Structure formats: C-alpha cells, structure tokens
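What follows is a structure written as structure tokens; I'll ask about it next.
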C-alpha cells in the first residue's frame, strides 16, 4: 500500500488579514508545504500614472502621496526632484534639510509599522503592534503639526516644501529623539531574545545574494541578502552626502535579518535627523516661489530615492505643457514582489505568511 | 552560545508588565477631545466671502473638481490700489486698461494709458513692465502680458483721447529741456499741457534719446517713436537738434525760466580685462548708437558679446543682422540668473546666437593679426548679497576663441559734464537731486538716467512727471498734472471665470527673414488673442459676488491646494472633523457651512496665535523626563557641594 | 448524606453549574478584553454597562441573534452537529469538580479519566467543524487542531497519572483533599508540563495554531455564523473557564483556602490562573504547528515522563519523607532539569554564518 | 560623485565602441530595439551592470519609447538605455530570462502599454483583469464600459 | 455507492478568464448608484408600528447590536491605516466593544469600506458583503469610498462603494481622522437605534 498526497490550491486573499492590503496569492499546497505560489495583484490598480497625465504638475503631488500610503513624504520626493530638474527650479538649502528630516521621520514611522505588523502576522495579538503604534502616533503628531494631516501629508513642493516648521516643532522632535532609544530597547527585548520569535524567523524565507540582485529587489530585502547598497549613500541625492550614517547589512537574508535591518535603520534615521537638526540653517527660505500651474520645459529625466521599501524612482517626461507627458514610478514593493516565489516555495504556510510580511508591501505602490 | 528556552520569554513578559504599569494612553473620544494641530486640514474648508472675489482659482487648482463655484455677472468695486498699478513707477492703471481691452474697447484703453504716460507707443514696445512681475495672475501661472496689450491698444489709436484734453492757458513762462529722451519728452508734454513754452535741446539729429540710439530698430521701430514725438511737437514744442548745451545756467538768464537736465546714460562700462583698448573692442552702447544713426561698422564674422542684460541681447541680435556669422554671448552665470528678458534670450537663440553660460573673458589679445579672447569656465558658488549664486572661476579651464570684434555690453552709465555745475556724486555719474527732482541750483531740475544711472524708460517717465510737477510749481502753477482722458465705463460683466489659458504666445516674424533686416520683430496681436489675453486678468479690484460655493465633501481629499493657490487669502483649511452622513447628497457642503467653519492656520500663519496648542502623545513622557532632569540636577548639586567641600 | 441520592439535588447542582459556566464565560470575555487592553496600554471595553461589564452579555446576545447561514455544499448534518459536539463536553467536565467540601455534582471515583475522556470529545467536535464547512482554511485549521490536541493529550495524561500516584486516588475530590500543601509546590515540574499542555488543549496563545487569524483566517470556525458560531465562541471561553478551574483544583489546592475553605478561594485561584494566561497571550507570538508539535514531543513528553518516574520513585521508595525535603528536592530538580533540558534546543534553523 | 560620472561616461563610450549601432547622448545610450538583448547581456556580464533597476515605456504616437536603467551595485553607478519600437509592431525581446526582476515589470508594460515581450514565459495581464479592452497608458486609450 | 458527478474544476487560466468576465459584467451592471435608504428616519412610520413588547425587544436587540459591532477585516487601501490607528491604543475602538476584528465575514456585523475600490476588487467586496450574516451595516470611510475621491475619473476605480453595495454611513476625509471615524460609528449607532425586528419589517 502506498500513500500519495494530493496538492491543492489555496487562495490567500484578496481579503485576508495578513496580506497587507488587497493582495492575492494562489498558493499550491502539499499538506502545509508551499509548492508553488502565484502572486495576483491589481486589486488596487487606480491608474495613478494615467491620472497624473491628466492633471497639472502640482496636482500630481497629492496623487503621489497615495502611492505608498505608509510613507507619503518619500513618494513626493522623486517626483518633485524630477520636476525640479526639468524646470530648473532651485531648492533652498533649508528646504533640503527640512525634506531630509521629514523623510527620515517618515522612514521611522513606516518601519515601526512594518515591524509591528510583522509581529502581528506572527500572532502576537497586536501587543507589539500597539506599542510601536504608540511611537508612530508620536511621530504622526509631529508631522501633523508641520503639515496638518495625519497620513497624506502633501508636503513637498517644487522648489522646497509647502510650509515652514512651526517654532515649537524642533524642540519637540529633539525630545522624541531623546526618548526614542529607551523604547527601542524595549522592543529589542520583546523581539530579539524571544525564543518563539527566533524560532519563527531565523532561517525562514532565505534569499541569496545572487537572487536578490537578479530579482532587482531593493531596500531591506536587498540589504538583508548581504548586498551593501543604499541609494542615500551610494548615489546620493539632495544633501545626504553631508550626513554620516551606517547602512546595516544582513548575513543570511532571512526574515530575522530583514526585521533586524529595519530596526537598525530606524536608529540610523534618528541619527540622521539629529545631524540634520544640528546642521539646518536657522534662517532662510523654505520654498522657491513657483506658480500654481507650472509649465515645464520639454525633457526626460529619472530620479530615484531610497524609500523605506527600497529604490523609489520617478521617470518623468515633459512635452512643455502644464501636464506631465508620462510619469512612471519604479515602485520598490512591486519589484520586491518578484522575489516572492523564491522566498516562499518549500516552506510551510505559516512561514510563508511571515515571509510575505517581511517583504513589507504596500499595495498602493505595487498596483499604482 | 547556548540559549535556554524561557529567558527571552520572561524578558518579554517583563516588558509587557512594565507597559501595564505605565497605564493606558487612550483618549476617551466623545467626552475627551484632542486639540488638533494648528495647521489641521480637517474635513471642511473655511471661506471668507469678504475677501473672495470669485476668480475661480481654487476651482481650477482642485485636482478633481471638488469645488463648484458660481458667481454673479455684476461686480462691485472693492479696492483701488492694485499690485500692477502700485508697481508701475508712472502709476499707469494697467488693470483698468486691460479691462477696457477685454470688453473690446482698445481706444478707451489708450486714453487710460495716455492719462499717465505720454509715450505709450514707445512703452508699448520696450517697457520693462514691472507691472507684470507684480501681477496677481503670476501666482496662478504666468502674469497677464500687459505690455503686449498696451501694444494692442496703441495700434488702435483713433485720437479719441484728444477730445477730453484740457489745455491750460499759456503762462508765458518758458522751460528748456536738455535731452529729448523719454524723460525730456515726458516733461515737455506735461509742461506744455500746463501752458508753458518748452524748448528741447538734443545733440542727436532726431528726438528719442536713448530710445532712439540705445534700442535697436527691430525692437522699437522709428515710426512708433515718432508717433509719440509728433504729439508733443503738435502741442507746440520747439526742438533744437544737433545742439549740445554745455552750460544750463546760462540758459536760465536767456529767456528760460527753468531748465530740466535729462541727458541720459550714454557711456559703456569697461570690461576691466587686459587688451581692452584694442580698436575692435567696442562698447555696447556706442555700437548700438552707431548702428542706429546709420554709421557703417565693420564687425567681421566672429563677434563676442560680453554680458547678460538686455543690452547684450540687443547687441548680439544687431550683430546677427549686420551679417556676423558666429555670434557668441559670454555670461558668467547660467540662464536662470540672466537679467535679460526670457523672450529676448529665446529670440536671440532662435536667431543663431551661441550662448555660452558660465564663461567669462580673461583677456583680449592679438596674435598674427587675429584677435583672440581667452575665456574661463565658471561654476556657481554660494548665494551672494544680491540673492544670486555668485560665479567662481574653475582653475585651468581657460579656452580661446578667435574673434573679429568684441562688444562689451555689461552695463552703461551716464557722465555728467563738469560744465553743468550741479551737485554730483563722486564718480560724476549721477546728479544729486531732492525729492522734487530739484538740483542744488534753483530752477534747474534733473530727471532720467542721469539721476538714476542706467534704468528703464518707465522709470525715466516717472521721474520726469515728478520733475514736471516741480517745475510747474516753481513757475507759479498748481503742480497738478493729472488728466482725465477716458470716458467713464461701466464695471465689466463677466459671465464665467477668467480665461484659464496660459499666457498667449507672442507673434514674431519668421527667423530667416527677420535676421536680414531691421524691421520690427514682434507683431501685434489680433483682436481675438488680445481680448483672450486681457480676459486672463483676475480683476483683483472687483468682486464678483459668489452665489454658490459648493464643496463636494465626499470627494474632496483635503490636500490644501485650493487654500494654497488662493491669491487673496480668502480660503482656509478648516479644523472641523466631526461629520458623517447617511446619504451622499448630505456630503456636499454649501456656502453657509463654509462661512461658519472653524479656521485653521494652514497657509495662514497669522492665525497661529489664536489657536490652542496641539495635544501631543509625546507629552505622556513628560513626567519621566522631568524626573530624570531633576535627578540629574540633584546629582550635579551634590557633586558641586562635594567639590566645594 | 441525606441529600445525596435525591434527583433534585442533581437538577439544582446542574443549574448552578450551568449558571456558573455561563456567568464566568461572560465575565471572562469581559476580563480578557479588558486586561489585554491594559496590557496593550489602552482601556478596553468600558462603555457597555458600568465599567463595560455587560460587554460579554451584549456579545453573546448579538452573536446568537445573527442570521444563521448554512453554506451550500457543506456536510449539513455535521455542520449542525459539530458545534454541539464541541460545546457540550466542555460543560460536562465541570460535573466532577468540587467547588466546596461536599459540593460536587458527582464524585466519580474515576474523575481524572472522565476528564481526559470528555475533553477529547470536544477536540473531535472542533475538528469536525473544520471538516464540515467545506472550506480549505477550515480544514487546515481542524487538522492542525486535532493533531495538536492528540499530541498534547499525552504529556497531559502523564502528568495526571503522576498526580494520581501522588494522591493515591482518581477522584478529583480526593486529589483536592490530599493536597495539604498545593500540588504546585510538591510537583512544580508537573505543573509546568500540565499548564503548557493545557494551554495547547484550550487553544490559547502561543498555541492557537488552529484559529490563527493571520494565516488561515479564522480556522475551523470560518463558515459559522449565528447560533453555531455562538457555541464555538462559547467553547473558546468555556474551555478557558474549565481549564483554569481544573488547574486551580488539581494544582493550587482547589477549594482549600488559607483562611476559609469553599468556592471563594477556588474562584480567586481560577481568576489568577486566567490572568496569567492573559499575560502570556499579551506577550508571546504564536508558534507554528510543527514547532508546537516538536515542543510537545521533544520537550514536554520527556519532562512529563521524568516527572512520572520521579513521582513514582518518591512514592514507592520514600513515602515517609518530610514534606520540606520533598518540596526542596522537587523545586531544585525542576529548575535544574528545565535549565539543562532547554539548553539543548536552539531556536531557529542552523545557519552557516553563526 | 565626479568619480561615478566618469565611470558612467566610460561605460557609455565602451558600449558604443563595442557595438557600433549604439548612439550615446547626454546621459543615455540609444540602442536599436532588435539589439537590446545583446547589449544588456554585455552590460551585465562584461561591464558589471548586474542590477536592472527599472523598465518603463512611453507612448510617442508613431513609436513607443522604452527606457531601461541599470545599476552597477559594486561601483555604485547607473546608466540609462533607451530604445524604441514602432507602433504597428510593438515587439521587443524580453529581458526576463536574464533578470528575473524584469518579469513583473514587463508584464505591467504589456498590460498598460501593449508592448509584446518576445520570450517572456508568462505574458498576461497583471494589474488589470482578463478581458479588459485596450491599453490604458496609450495616449489614444478610450475606456469602454 | 453512487459516485457524485465530478464538480467542474477550471484550470487556473480559465479561472482568470471567468473572473475577468465577472468583473466586466459587474462593471457594466453597476453604473448606477444604489439609492440611500432614509425610510428609517421617518418618524411617522415608527409611530404607526408602536407596540410595547416589540419596541422594548427592539431596544434590547438594538442595544446588543450597538454594543458589539464587529468589523470584518477588509480594507482596500490607505484608510486602513487610519482604521488601524483608531483600533490602536490611542483611540481604542475597543471601548465600544469593536476590537474583535473578525477575519471571516460570516461572523462580522460591520463592513468598514476603507479605501479605493477598483473594479477588479468589486466582485470580491460584493461577495464579502453577501457573505456577511444579517443584520449587517456598511460604512464608507474616506473620499474614495464615498465617491472615488481623487481617483474618481480613473478607468479602474469604482466611483463610490454605493455602486456595488448599499452604504449606511458616509464619512468624508482623506483619510478621516480617527475621531472622525469614531464620530461616524456614533452616527451609525444612531441608525441602529431605529432598527426594527425582522418580523415587523415583513409585516409592513
């Protein structure tokens, strides 16, 4: 008598508690072992790129906010940089510092969310998530103070930022940075020593260096595989060459490394913010005056930044009118998704789920 | 390292217990409400009906048409002082005549211009249009092309303005005006109107001064200039051309009761580099003057022009028309920093001029009978006092261009002759005057470039107007030179929004034909374009009452672009956040709601002080940090006590 | 006693037990949500009734009143039957628990075996839930649950046997009576094994593999709504009630208190056990099913066997040892053996870089 | 920074030396569409540009412009390659067999722009649903309900 | 034993095709808006059906419904994070007994539609709504859910959830603040207060 198992197809998503949005995986399972996975997405395809062609340049900024809704400010940046290059708009020095500060705050808050929801996927019933959200709320408060919104900041403008920091903002941000390490220590206690956490993350979802490069992954996923590449340091934009910071690089490319990198990056971001606050000129313009309807000269450009999820690029073509001719976003999460098959196959369903969580997607960006 | 199961779990449980002790951070919402950020962009807009003039900018700024406005056709007058009028040195009422053109009344428009400006034709071609740089429309896209509209008005001169002219009785006093430039002609016009007898002396053979010799004919045709001059001539002005007045004081006794010095700026600035004395190195102003007066100049095939102002553009384009094959313009900074008009630069490039940015001449020398210019590359350094980034030379980046002629068009300045005997500045380039334009000698006045340095036509006109007032007062008049030439018009109706199009393109003659002659390059707009362009004016001084102001609340994403784009500060973000409805229709917010909505200080930092501070989650860590601080302080004091011991 | 053989005694006791069961389910719903809330630096339900006390009642009423959907293509009979099968046995366990001296529905002389037998029926019910609903998630959840139940039953039973050896009786009442000091002090190792395996039995964090939200949506109860879901919902908390009561009875001295005996000490102990479960729930992430299995077979089972051996040796060869020596030896031994044993495990897979 | 620029310029020069049909412009190299595979393979294996950062396309009426950016992860430089395919026959070789990372991006371009990638193993709609009419990123797209 | 007819199991490609045509049909059919139901607020209807027992029962049931509104975890886009923020410690939706996020629609009472709905997702949302057991409520959270918001003129976006499923409460904002959401839930509770038992509705 011989036993034979039958493979079956399990649809995970589009409505599923741990797909981080409307994402669907068609997983072929043998028992609980994943044999094949086919990512299916587009459930949040809103046609942002097409819509941007129908709007003026400035009206495009709120659209970019809604791409990667977890890190709105980082999304503004490549678009704004691309338009600035084509239109030849100068950014005042102070505005560059303000952008860096806001973007790094956004990175911290985005990583809080990523790590927190990772723990949630692991089933720690919201506790870590809630603690991290407390810190994130503090950042949200600070950013709300500057921009007036909690999520869709719509902060960057061509030639600077929309508004100056309010005067009470900088002391409060410094205060946040002062208490930041204390809470980080707590989270590390909650994560790194916990045996259940270790047993679930170590050696799970391994991505090799070769695969990571071949699949064009970026951000923490790429760095966890041991590739030392960070756009902020290696192809510096804005004023990142003025700051000193480390780029954490993983060894094994597993879930543990990816979470570890996110935790380390938060600390580095905090140090960048601190440096930027010290170096920021007290006086100066925060914005170059640009008309509401901007007419950008003809040209093509490509600008990239390091968003919390990886290389976020904006390819912009202008035909001289007041609307972009073509605007394409290189969405890091979208391309990181390609690695999903490599990451998941051969693992159990539970591990596959946390591996998926460790890639840290936001579907708005994947589908655009 | 061996790890024992349980340690980490216990560590984690310690953390959760610690947080349990810390206590909840929950806000009990319906009873306990947070203070929002001062800049909160809540789910409504606040709208100020007094400030809103119904310009539809917010409606157009919305990415997806969430705002719907309807305005009444009939406006009401709101204010008199407008940016365009304020910014104009001669206080020409730009908004008014643009409106006249928009309603199809270019003749009336000319009357309005004529009230303040006796040289409308000349200004219509070459005015530096400070009004445009102040135009409110600039915040939306590009300013209304006021100068070109003036041109359109001038082309429709039917002499209607003459009917309302009030000529004063002759006073019997006579005034000598030295220089028939913009300042001189303006002063002559107003003094003639006040009944004085005016004689204008000029060393050139024609009237026009700098407008004649400083501006090439393809920008300001002679006909247009002479049209203005003829008006003044018809009023009885006496011109004495080819006459150089050396001593204005002597005129005072000889039948003239007063003298106005309006000699202009005719000297070109030096480059300040070795080899400048070469005969092929020309001053830009001299070059233009010679060309304007019809002298024959050999400039050869390769011409280098140094500078980035309008004079440089005039020079290079003149050089092209004189047949130079290769014309270079060397400028130290980049195009963004160039003081010349963008259109001028565009046209120069179209005509084949090679713009070399970030380059500066180092020396001029002759080698084997060939004139050469050595240039150096520059790069932009930090921002200097003028707000522009200063050029910094790059070492070792020298290169050499073979040239036939070098034209230094960096700037020009006036030289006041010693024989005038008036008080001057140290470098002899300015006459010092008081606020009434009077010099230190009673009866002698000065206006124009010899007071200002190198400046614009409209500045000179403005000064001449002041001078004319003072002279009239000096000669016993009332000093009132205001005129009313236009007929009263009703306030213009507007059925919809201002024209949302971008600024209309100017019409130029074809490049290939225009570089062969000195015909005027810019063509006048036709009626349709001119009226469309004039309709772009937002009419800042009129208020079209907003009858409907609907915000589709369920559709708006509260991005704040409308608040940002409002040129009049009539829109505010609102800090309202409590609204939920059972139907979609209820989502639409109407005018009444928006008026009452609480305002936030998004883009209105003046409201900051009125609003309460934001409640922050960060404050929960206050006590701990305070405790720490206290402990540290205690330690310090203990240490200091110990040290003292 | 005079009342022992009257049928109405059974009726009244049953009513009291059922009331106790439901009351504590409702209160535990509230307690769990409230306490977890405080662990998560928030307040938890506090609007419905004073301090939010009626939260559980409202939940139960609402769930019961919801539309009862029976999806197409389900196994109709099992779909109806399985929630009952899961729910009823949980309640039946209470029958043998003494709430006070003499207050017990039935004092079975094979009480321990009864408990073991009845509680396994419940797990079959849960598995059938997952099977009957014709849903892959449900099936995975049911299978996971069943595998885990069966595995953890073994260390649990071994511990119970050691308990029986030590007390010399199989009656629950007898075990309570035999605890002059609570069993947790005599046999801490047994307590650890029993507590962990009963966490797995009642499907609580970190062993909630069969209902894990983030992986298999809602596991076995994915297709249930209305009254049937209400039953499953009650099972979840009912098991918690029963299990905390059992732990309190078997290891913490049952109804024996420091000052007074009776139901009140039992209830206090039970609530303390439940709070401890909540603390664990608030802290730990979930184990995967295979890791929970390996924990059972590689960690708990040897410990439970050792515990059995140790207890047997103690009872057989040193029945008259002074109490303090027994307590000392067993505590030292427990700490030592857990420390040594746990050092053999490595969390996570072996990686080349470490 | 200047270092990176020099390496970049050198790569462009080397590329145009290696393949005579390559035209280099200000910050990009223009390659005929039929040679894309050859060039990118050379760049990957010989020049060290082993990271395919992005692929995108834009609609220019009579042709589609395709833009590829590559990064050298070791030297930290990037280059941009452009190519174009005619509108009547929008076909180009797929890079997904060299770079797995091109897989989804090419599918997306196929979906939204309607360019067919020859050699792609699973070329079907990715963000829109099966049976959607038209390719929305094209300029002449009209939505049919 | 008789073997039942083998069910038709499509291949994956076929399944995609069926999905596509389903989306297409749904898109074609749901161009019109489902009208908002405002009958409940009509006071006269309530007066007419006054019945002491039923009204008291109504109140009790409505109280239970109000007290434990369990949302289904189905969030499509950005507004998710404001919902999460609401359920986190600072605003703590649990105070109203709502923190039980049921991943399975069968057990949930409330569908909080947070975020943009695309046509590709529309059939799934419709199915989730249909899977939910009565009584059920729907909240449209944020501009996209109310009207398509900033994406309303896109080819892929449903201009408002009320094209697909009936919506009870609309909350504006992009995204709404947590307080706004809590206010919206309060508004929903007011509506639930007016609900009547099933049998009464039938008798009408």
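Which chain is which? They are A, B, C, D and E, in the order written, and residues in each are numbered from 1.
Keep this in mind: a residue touches a chain if its C-beta (ideal position, glycine included) is under 8 Å from a C-beta of that chain, and two chains touch if they have at least 3 such contacts.
Remember, it's a predicted structure, so these values are computed and weren't measured experimentally.
**Q** Between B-E and D-E, name the chain pair that shares the greater number of C-beta pairs in contact.
**A** B-E
**Q** Going by CA means, which chain is nearest the middle of everything shown?
**A** Located nearest the centre of all protein C-alpha atoms is chain A.
**Q** Can you check how far apart chain A and chain B are, centre to centre, with Cα atoms defining each centre and the answer in Å?
**A** Comparing mean C-alpha positions, chain B is 43 Å from chain A.
**Q** List the centre-to-centre spacing of chain B and chain C in whole Å, with centres computed as mean CA coordinates.
**A** Here chain B and chain C have centroids separated by 82 Å.
**Q** When the centre of a chain is set as the mean of its C-alpha atoms, what distance in Å lies between chain C and chain E?
**A** For chain C versus chain E, the centre distance works out to 36 Å.
**Q** On a C-alpha centroid basis, what's the spacing between chain A and chain D, in Å?
**A** Roughly 24 Å separates the two chain centres.
**Q** Would you pick out the residues of chain D that each touch at least 2 other chains?
**A** Residues 127-129, 136, 141.
**Q** Show the residues in chain C shared as contacts by 2 or more other chains, in ascending order.
**A** 37, 39-43, 213, 217, 282-284, 345, 347
**Q** Any chance you could list the residues of chain E touching two or more other chains?
**A** 73, 88-90, 92, 95, 101, 103, 120, 150-151, 153, 155-156, 174, 177 - these are the residues of chain E that touch more than one other chain.
**Q** Give every touching pair of chains, nothing left out.
**A** Pairs of chains that touch one another: A-B, A-C, A-D, A-E, B-C, B-E, C-E, D-E.
**Q** Across the complex, what residues on chain C touch chain E?
**A** On the chain C side, the touching residues are 33, 37, 40-48, 52, 54-55, 57-59, 61-63, 65-69, 213, 217-218, 221-226, 229.
**Q** Spell out the part of chain B that touches chain A in their complex, as residue ranges.
**A** 3, 5-9, 11-12, 14-16, 18-19, 25, 36-41, 57, 60-63, 138-142, 336, 502, 557-561, 564-565, 573, 600, 602-603, 605, 608, 613-614, 616-618, 621, 624-625
**Q** Considering the complex alone, what residue numbers of chain D touch chain E?
**A** So the residues of chain D touching chain E come out as 124, 127-132, 136, 141, 143, 145.
**Q** What part of chain C is in contact with chain A in the complex they form?
**A** That would be residues 36, 39-42, 136-137, 140, 205-206, 208-209, 212-217, 281-291, 345, 347-353 of chain C.
**Q** Spell out the residues on chain C that touch chain B in their complex, using ranges where they run on.
**A** Against chain B, chain C makes touches at 37-43, 279-280, 282-284, 299, 338-339, 342-343, 345-347.
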